[in-house]
Structures are given as C-alpha cells and as structure tokens.
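In the two complexes below, chain A is the common chain; its partner is chain B in one and chain C in the other.
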Partner chain A sequence: MAEFLAYLIAGLATGAIYALAAIGFTLVWQTSQTINFAQGEFVMLPAILILAAVKLFGLPVWLAVIAGIAAFIALFGWGFKLVIVDPMIRHGVLPLAIATMALSIIMKEGAKDGFTAEAQRFPSLVPQETVSLLGISISLQHVAIIIVACLAIGALQWFVTQTKTGRQMQASAQNPNVALILGIPVAQMVMLTFLINAALAALASILISPIYLAKFSNGEVIGLFAFIAAIVGGFNQVRGALAGGLLVGVIDSLAAAYISTSYRLAVPLVLLVAIILVKPEGLFGRKEERGV
Partner chain B sequence: MSASRVDGVLVTLIAGAAILWFAPAGMGRYGTYVLSLWLVTAVAVMGLNLTLGIAGLKSLAQAAFMGIGAYATALLTTKAGVGWFSAFAISGALCFAAGLLLGFPALRVKAHYLAFVTLAFSTLVWLVLRNEQWLTGGVFGISNIPRPVVFGVRTDNALPFHRFVVAVTLILALILWWLVRSPWGRAFLALRENPVRAASLGVNIRAYTLLAFAIGSAYAGFAGALYAPLVEFIDPSPFQLSASFFLLLMVVAGGSGYQLGPFVGALLGVVLPEWLRFTGGLYLIIFAAIVIGLLIACPQGVLGLIERGWTAIRRRPMVGNTPVKDAV
Partner chain C sequence: MNRAILTAAFAALAFAGTAQAQEKVKLINVVELSGAGATAGTNWKNGIDLAVAEINARGGIMGRQIEIIHYDTQTNPGNTRAAVQRAIDEGTYAVLGPVFSGPIGASMQIAQRAEIAQIVGGEAAGLTRQGNQFLFRTSLSQAAAMPKIAAYLKDTVKANSVTVVWVNNDFGKGGRDAILPELQKAGIRVAADISTEQGQADFAADAIKIKNANADAVFVYLNEEESARLLRAAKQQGVDKPLIGETTLLGAKVIELAGDAANGVRGHVGLSIDAPIPAFQEFGKRFQERYNYVSDHNGLKGYMAVAMIKWGTEKQKKFDKKGLADTLRGATITPADEPGIMITTKIEQNGDLDRESFLAEVVGGKQVIKGTLPMINP
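So, the complex of A and B:
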C-alpha cells in the first residue's frame, strides 16, 4: 500500500506536467485551430535554452532561467504565431499541422546540433530528498511539482473566468465573429493564448527537466502524453486536459511499476484507443460545448 | 484533365524508369545505392500521398508501417526461408490489415483522430521492435538479409538489385496511377474535395477513407520489403516517429496530391542530403525550413510551384488550380 501511494504521488507529479502541456495545446487549438505537433518540443526546449545561457554565456542560474524563459516566450509564443501560424492558417488546418511537424524537427535537431546530444543535468528548485510520512517515502521534488503546477493551473483558471481579459479570451475562442462585433480585440486575445501556451510549456520544462534530465529527444514522449491527455480529457476542455494529464501520469507510473517498464508507453496508447472507441468526445468533453 | 495530361504522368513514369535502369553506369556502388534508396523511399511516400494528398488524412505511422514490412521480410527470408516475393506480398498484406485495424476506431470519430492514433501506434511499433529481442534482435537488429533471385538471376550486386527496384517501383506506381483513375480513385478525390457532396452521391465515406489509409499503409509495407534487402541490415532506428514526420514532409515538399510528387519529395529528402554533405548534421533543419517556406509560399509543393510558373509563362488564368484536378 505504501509503495502504491508512492507510485501514485510520482504519477500525479509527472501527470501535472503533462497537464500543463495539454492545457497549452488545448488553448491554442481552441483559439486558432492549430494542432501543434511540436508541443513536446515546446516542453523540451526551454530547459536547453536555460542550460545554454549558463554554459555558453556564463550567466548565473537565476538570470539564465529568466532570460531563457523570456527568449522562449518571445520566439515560440509571439514568433511562432507571427511567422508560422499567421501566414499558414489561410491555407487551412492541414498545412499548418504539417508545418508544426517541420518545426518540431527544427527544434529537436537545433537543440542537438546547437547545444549537445548528451542528456544534461538540470538544477532542481527543491533538494532531491525524500521525506517519510506515515511510512510512505515521498520525494520532495514530486510534491513541489504538484504544488507549483496546481498553483499555475489555478491562476490560469482564475484569470480565464474572473478577469475581463480572460473572459474576452473565452469569447474569442467560442465565437470570434461575435467577439469582434462586441469590440473585443480578437487578434490580441489569440496572441495571448500563444503566449500563455509558451509560458506553460516553459514552466513544464523547468519542472520536468530535473527528473528526466534535459535532452533534445525528450519532446517525443512528453508530446505523446500531452496529446493523449488532451484527447482523453476531451479535446476542447481545459479541465479535461487537467484531468487527462493527471490520469495519464498516474496510469504511466503504475504501469511502469506493476506491468512492465519496457512497455509502459503502450498502456496510455491502449487507454487512448479505448477512449476513442467508447467515448470519443473524451471523459469530460461535451460535443457542443466549447468553453475555455 | 485533358488527354495529354493523363499521358504526361504515364510517359514520365515509363521514361523515368528507362533512364533509371541505365542511370547508375559509372556511379559506383554508393551512388547506385542512393538511387535505389530514393526509389524505395518514393514507394513509401506514394502510399502516404494517397492517404494525405488524395484522401486528406494525416497518418503519422508511415515509417512504422515500413518497419513492419522490413522486419516481416527480413524475418521471413532469413529465418523462415520464404522467398522474397511471398515475403513482399505478406508484408503488404500485414500493413493493409494493420491499417484497417487502426483506422477503423480512429475514423469513426474525426479525421484528425487518426493522426493521434497513428502517432501512438508508431511508438508502440518502435517499442516492440526494440524490446522483443527473441524476434527482432532488439537494438542489434537483423543482419545478412538476402537479396531476391528474379527468374533465376541473382540480384546480389548493386546494379542488378537497383534494376530490380526500378522495375518494382514502376509496377507499384502504375498500379496507383490506374487506381486513382478507376471509379475507386474518383471516389477518393470526391471525398477530399467535398465530403458532404460525396456522401450525398452515395459514396460511403468511412469505407473509402479507411480503404485509402489501408492501401497507403500497404505501400509502406512494400517499401519496407524493398528496404530490408537493399540495406541488408535493419535495426529499429530508421522506423521511429521522426522518420514518419519526415516522410510526411516529403509528400508536402514534392506536391501533395500530385502523382509524381512522391518522386520529387523523396529526391529532396534522400538525394539532396548527399549534395548537402558540407552542411554536416544541419541537413534536416534545412529540409524542414524549406518545407515551412514552401507551405507558406505554395502549399502545393515543388510541383505546384512549377505548375504555377508554367501557367504564368503561358499566361493562362489559373482556374480551379487544385493539384489533383490538374495532375490527374
């Protein structure tokens, strides 16, 4: 039982990170019909940028974190929207989806050739210790990840539902034409979702890299889990993406512990196919609803 | 869709095959190998072109299907002693069946669900290839894959095997050329251009999309069956997810929906790196950047660009310039 709870907490921690990636993915999909196949690479790259700032420019870690995140949001929030999404969306959803695949190759190869192909240690926010609580050994890192991710998602939820800008963002996602007539700056709201997506990805990157090490190829698995989380939770639901992320993280952790470490990736796949067969709109999705 | 255009594709295919039959003269073993690899890749891209360019579906498992074909052929010819031709047929059939099994649940819902199901399938195939050592040899792969004997002629050397690849590629391209013109092919096109209208005309959308995906996957199996004896040693690495992305980019680069697009796309993906050796590992980045540039400027790819240029030269107004209508 103690062992089970330890795996559960580890699963919730990685699940919270998948949820961050899945929420960003869902937001961008809602406001601009962009299926971002580079989402995994979006989570891989910020850690690499931060390490590059430390190793190549000799910045102190705290400054490198700020500079790396700022550079990433500028390049892959603002720049991504401006350079790739805007010129491509007029050709339709399919060319844009394929362009994001090309982008994922560029990001991955760029990280490999521009920095290093080796896995790099990444500084952790909290000491890598375990504490014992009621006979369960709990990693402080996992607890910190869960708390930080929940705070971030809570703040996002508050922003989207309680502030004027957040509600304008929702309106722009649900019905851009009406939003425009009501005087909402729709283009700015769409840009805002891209910036939020980049910020969430950067946060996920900082949280996951101390555990998985920073490596150019990390994006594949993270991306796969984020997509599965988004679909399992309901493709157009933020709370669905949250629940989907946590669920996929826990299932992955338990599968690795009790089924097979070499086939842990296969279990979420089975879940995905089962969801598509049984409840294609996702666990929390409703077909007609399109709330942020 | 005039008669001269229809012949254009056919004439190019046959003339191209004739040129490639004699092309490797003086190119050496490696040059011949690169040419063969181009054609093998083109076969996989042809299949994906049917799935994406003609049926409008995103499949992210083409390299995985190619892996299934390559491993099936390698295992059957090295361990079971089956002849290459039977192995080739079995490889295609396996991928066709896998395509049906995978496409059936995914296409019940929405077309873009297929992208995620195939994405997951890619990872699963890679896991099996890497982990089931007793069958696939794991990361050590399978070596000493024999080359086929055709009508009593051994194709062990580079040149005879290249000619064999040319012949098989031509046959597969001709089958697809015929298929797109057949009533089935017309239904595929109708479905991509206007699914609602196609449905109202009595086209069973789900059955046809599923069929297009399964045939496209079978072509990846055929490509794998050619790939295994070409390289004579296979391991899981060329069948990863990123390879599937790369094949998809080749479809788009060549011209999605154009019959000759796969050959152009595979040329950019396979032969161009040989000329860009001086850039070192940056080739993939250059290729991906070219594709993004192409998608922004001309989503119809290189062939679309050429067609656009050609139309401009002839000063004809561009009417109904969707690729398939013109190329077919």
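So, the complex of A and C:
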C-alpha cells in the first residue's frame, strides 16, 4: 500500500504539471476554437529564458525569474495573440493550428540554437528533501508542485466563476457576438485569456524544470501528455483539464511502475482512445455543436 | 593577348587552390550535437577542436594543417548513416564519431565498406565483435569495464544484492548484458532489473522501485542527462543505498546537472581529468580555459581520437586512409610517442582498447579518484 501511495503522489505531481499545460489548451480552444500545438513548448521556454537571463546577462536568479516570466508573457501571451492568432484566425482554425505547429518548431529550434542543445540545471524553489508520512517518503518538491498547481488552478477557477471580469471572459468565450452586444470588451477578454495561458505555462515551467532539467526538447512530452489530458478531461472545461491532467499523470506513474517504462506512453493513449469512443466530450466536458 | 593573360591567371588560381587543398588534411566529425546525446557529443566535439587547434599550432600532421568539419546527427541513427556517407563522399581522411553506441552500430558498415578508419566514443561491447577492421574505440569496452565493476561491488562495497538500472538503447542493453553474468560470477544477487528509456524525463517511479527493491547497492547505467535526472529522483525519494556507476554516472556533466544528489556516487571511470595523470589534469585546465566548463570523459576521448590519427599517420609516414587503420590495429601508443594520447593505450586487433582505469567517488560536488586499476593485458 505504501508503495502504491508513493507512485500515486509522484503521479499527482506530474499530473499537476500536465493540468497546468492542459488548461492552456482549453483556454485557447474556448477563445479561438483551435488547438495550440506549441503548448508543450510554452512550458519549455520560460525556464530557458530564465537561464539565459542568468547566464548571458548575469542577472541574479530572482531577477531572472521575474524578467524571464515577464518576457515570456509579453512575447507568448500578448505577442502570440497579436502576431499569430489575430492574423490567422481570419482564414479559419486550420491555418491557425498549422501556424502553432510552425511556432512549436521555431520555439524548439530557437531554444536549441539560441541557448544550448544540452540539458541545464534549473534552480528549485523547494529543497530536494523528503518527509516521512504513513511509512512512505514523500518528496517535498512533489508536494510543492501539487499544492502550487492546485492553488493556481483554484484561483483561476474562482476568478473565472466569481468575478465580473471572469464572467465576462466566459461570456466572450461562449458567444462573442452576444457578449459584444452586451457591452463586454471581447477583444480585451480574449487577450486576458492568452496572458493567463502564458502565465500558467510559465508557472508549470518553473515547477517542472528542476526535475526534468531545462532542455529545448522538454515540450514534446509535456505537450503530448497535456493534449491527452485536455481531451480526457474535456477540452472546453478548466475543471476537466485539471481532472484529465491528474488522471493522466497518475496513470503514467502507475504504468511505469507496474507495466513497463517502455509502455508508459502507450497507456495514456489507450485511455485517450477509450474516452473518445465512450465519451467524446471528455469526462467533464460539455457537448458542442457546430454549424457548417 | 588579354585572353592569354586571363587564361594564365585562371591557371595560376587553380594551381594555388590545389596547392592550398593539398596542404590540409580533412577530418569530418559525425556526432550528437543535439537530441539525447548532446551532452556527450558536445564534449567530444570540443575535445576534438582543442586537439586540432593545438596540433595545427604546432605545424599540423606532417606539415599539413587539419581542417575539421562537424556534422550533427541529432542522435538519430538514420541521420548518422547519412552523415557518415557524406563525410566519406567529401573525402574525409578518417571518420570521427559518433559517441552513442546505437548510431555507431547503424553507421559503422559504411566506413568499413569505404575502408576508412572510424574512431568512435561508444562503449557497447557488441560493436567490436562484428569483425569490423576499421572501427576503433576511444574508451574501454563494456566487456573490459564490467568485470572491474563487479569486483568493486563485491570487494569494496561488500554488496550481496544489487539493483541494476539501465537505459533501453544499445549502450544500456550492452552494459546490462555485460554486468549480469559478472554479478552472477561474483555471487551477487540481482534484486531488481529496471529498464528506462533514452530521453526519459520523469524518474520518480524508477526511484521508488529502486527504494522498494532494498538491495545493498544500485548499479546505474544510463546516459548523462538521464543519469542526472535519476540521481535527483533518487534523492527526492530518499534512496540511501550506494549508487554505483561506470564512467558516465561520475562524469563532470552528470555531477553538474545532479548537484548535491551526485554526492556519494561511486564507481569505475575509464578516463577522468581528475585522475593522477598530469597530462589529464593539464588537458582539463586547457579545456576549461577554452570552453569555460569542466570536460567529462568524452572531451578526453575526442582529444585522444585526433591524437590517434596523428600518431597513425606519422607512423605510416603518409596520408593513406586504409593504411591508417592498418597502422592503428594492434598498436600500442605511449605518451612518449604521441603526447596527445596522454596515457599508454593498447589498441587490440578488434579495435578495443586496453589501458589503466580508475576508481572514483563524488565528494562535495567533485569527482575524487580513489585508486588506479592496471591494464588487463599489459
């Protein structure tokens, strides 16, 4: 039992990161009805920018974290919407989805060529120690990831459902034309959504990079698992992304432990196929209909 | 008249170009500069660049300057094959690299067919068991290293049971296949046999498995970045048993990436800039001065690879591609003959190496050499 609990906690920690990234998929989906295929790279890049600020500009770590996150949100929140989403969405969702694929490659190769192809150590906010509870050793880093990610997602959920701005965001996502008639500044709400997505990705990057090490290729795995998590949980619901992320993280951990490391990627994919067959809108998603 | 002058000028230019080309010897390095092998490949490349710069500064090989070109394989066997073929087509004198055993295995037949020496950084035992007369290592083979590890586990660590953690690629599988019989011979029980994946990012589940196996020691045989991630995960899960490795686990890059989690790691190292060999230590200083970081064993291997080519060429007294391989096979190179080799190195007929190696431990974030092991067949 103790062993199972240890795998469960490790899986929840990884799943919390997938959830943060998966929320990005749902936010972009709700505002643009498209999939951001660069979402994994959105989680990879903030850590690289922070390390670049330390190594190339000699900034202290705390200042580099602030500068890196600010630069990332400006470039990939504000800039992403203005430079990629706005011009491409006029031509339909497919060109936009393809544009995000191109962005993914550019971000990855840019990080590799502009910084380094090698993995880099990333400072951890929490010591690499363990605490003993109920006979199992629990990593403080894992506990911190679960708590911070859940707090962030909880705060987002509260903001979206309990504040006026949050409700305006929801209204803009659900029906932008009606929202506009009601006097909601839809363009600002959409921009706010992209800024929140960038901030959550930066948070995920800071939490996971001490464990995975900062590397240009980190986005591949995170992006894939977050995508699966978003579909499993429900692409149009924040709480679905949370549930999907945690579920995929736990399944990944248990698969590595009890099946095989070689097949750990296959198991969440099997789950994905099962969900698509049985409940295509996802565990917590709502059914959507589109006119063609 | 003008036409005659123009023709003469072109002829002179063509002659000058040919003369200049003849003054240089082209070496092409096919290596992992991105992908899972980037750490190993970058060290290997930098070691080569340092050797080339130093040799060229001293007048080159038999008066000819070395022209070095690097091709990135992205740690992809297919790309490696293409790059080796391209290197041969472009007239390389010898092929340098790659470092990872899988891409070596996928590309070595190309250099063999062209009868060109390929000097590689791989350790998988199977590479030199295929009768390839043109493949040469720069590191000890797993077949040479694993008996030393098993003896170390039995005699020094006093382990009766061991958990074996390995990476599921040619390097890792070769290491696992070489260590298991040695452990059996030494009477050491394998408590758990844990396979991991190349490029794996999350090692939490593996660290929990290691902890629950509760063996007397853990033998870790992964590539650089994965080694560092595993060490960090092991620390996070409170693994308190001795972590033992072979060269890679105690490498400078692993220590840098793993931080505190690397302290206490022990094992066998084939090459180290901290070894009690003055030439190694001097190399380490020059490397750090040039690249501003500490070289791992791959930096030394890259440097030695160029030294092997220089020695072989000067020994045969000509730039004959096939002759270079013939000269290297079965040779013993001493630092007195070629200072770049740094330590007496015997090249077996199959391309394996024999030389002294070392026992080491990571203390306070630094690799500390605890002893020297002799050559197997001096």
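Definition applied: the second predicted complex is superposed on the first by the 287 of 292 C-alpha atoms of A that agree within 3 Å, B and C clash if a C-alpha of one lies under 4 Å from a C-alpha of the other, contacts with A are read in each partner's own complex, and residues count from 1 in each chain.
Heads up, the rule we're going with is that a residue touches a chain if its C-beta (ideal position, glycine included) is under 8 Å from a C-beta of that chain, and two chains touch if they have at least 3 such contacts.
Keep in mind the model is a prediction, meaning the values are calculated, not measured.
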| item | value |
| --- | --- |
| Contacts of A:Ser262 with chain B and chain C, given as first, second, both or neither | both |
| First (chain B), second (chain C), both or neither touched by A:Gln128 | second |
| Which superposed partner A:Tyr7 touches (first chain B, second chain C, both, neither) | second |
| Which superposed partner A:Val273 touches (first chain B, second chain C, both, neither) | first |
| Partner chain in contact with A:Ser253 - chain B first, chain C second, else both or neither | second |
| Partner chain(s) touched by A:Gly110 [first = chain B, second = chain C, both, neither] | first |
| Touching partner for A:Leu207 - first (chain B), second (chain C), both, neither | neither |
| Chain B versus chain C as contact partner of A:Leu94, first or second or both or neither | first |
| First (chain B), second (chain C), both or neither touched by A:Val28 | neither |
| Residues on chain A lying within both footprints (that of chain B and that of chain C) | 112, 262 |
| Parts of chain A lying in touch with chain B, wherever the complex brings them together | 35, 37, 84, 87-88, 91-95, 97-99, 101-106, 108-110, 112-113, 220, 224, 227-228, 231, 262-263, 265-266, 268-269, 272-273, 276-277, 280 |
| Residue ranges of chain B in contact with chain A within the complex | 52, 56, 58, 105-106, 108-110, 112-113, 115-117, 119-121, 123-124, 127, 130-131, 241-242, 245-246, 248-249, 252, 280-282, 284-285, 287-289, 291-292, 295-296, 299 |
| Touching residues on chain A, where the partner in the complex is chain C | 3, 6-7, 10, 13-14, 112, 117-121, 128, 130, 132, 137, 139-142, 210-213, 215-218, 221, 252-253, 256-257, 260-262 |
| Chain A-facing residues of chain C, complex | 33-35, 38-39, 42, 168, 194-197, 199-202, 204-206, 208-209, 211-212, 225, 228-229, 232-233, 235-238, 253, 256-257, 259-261 |
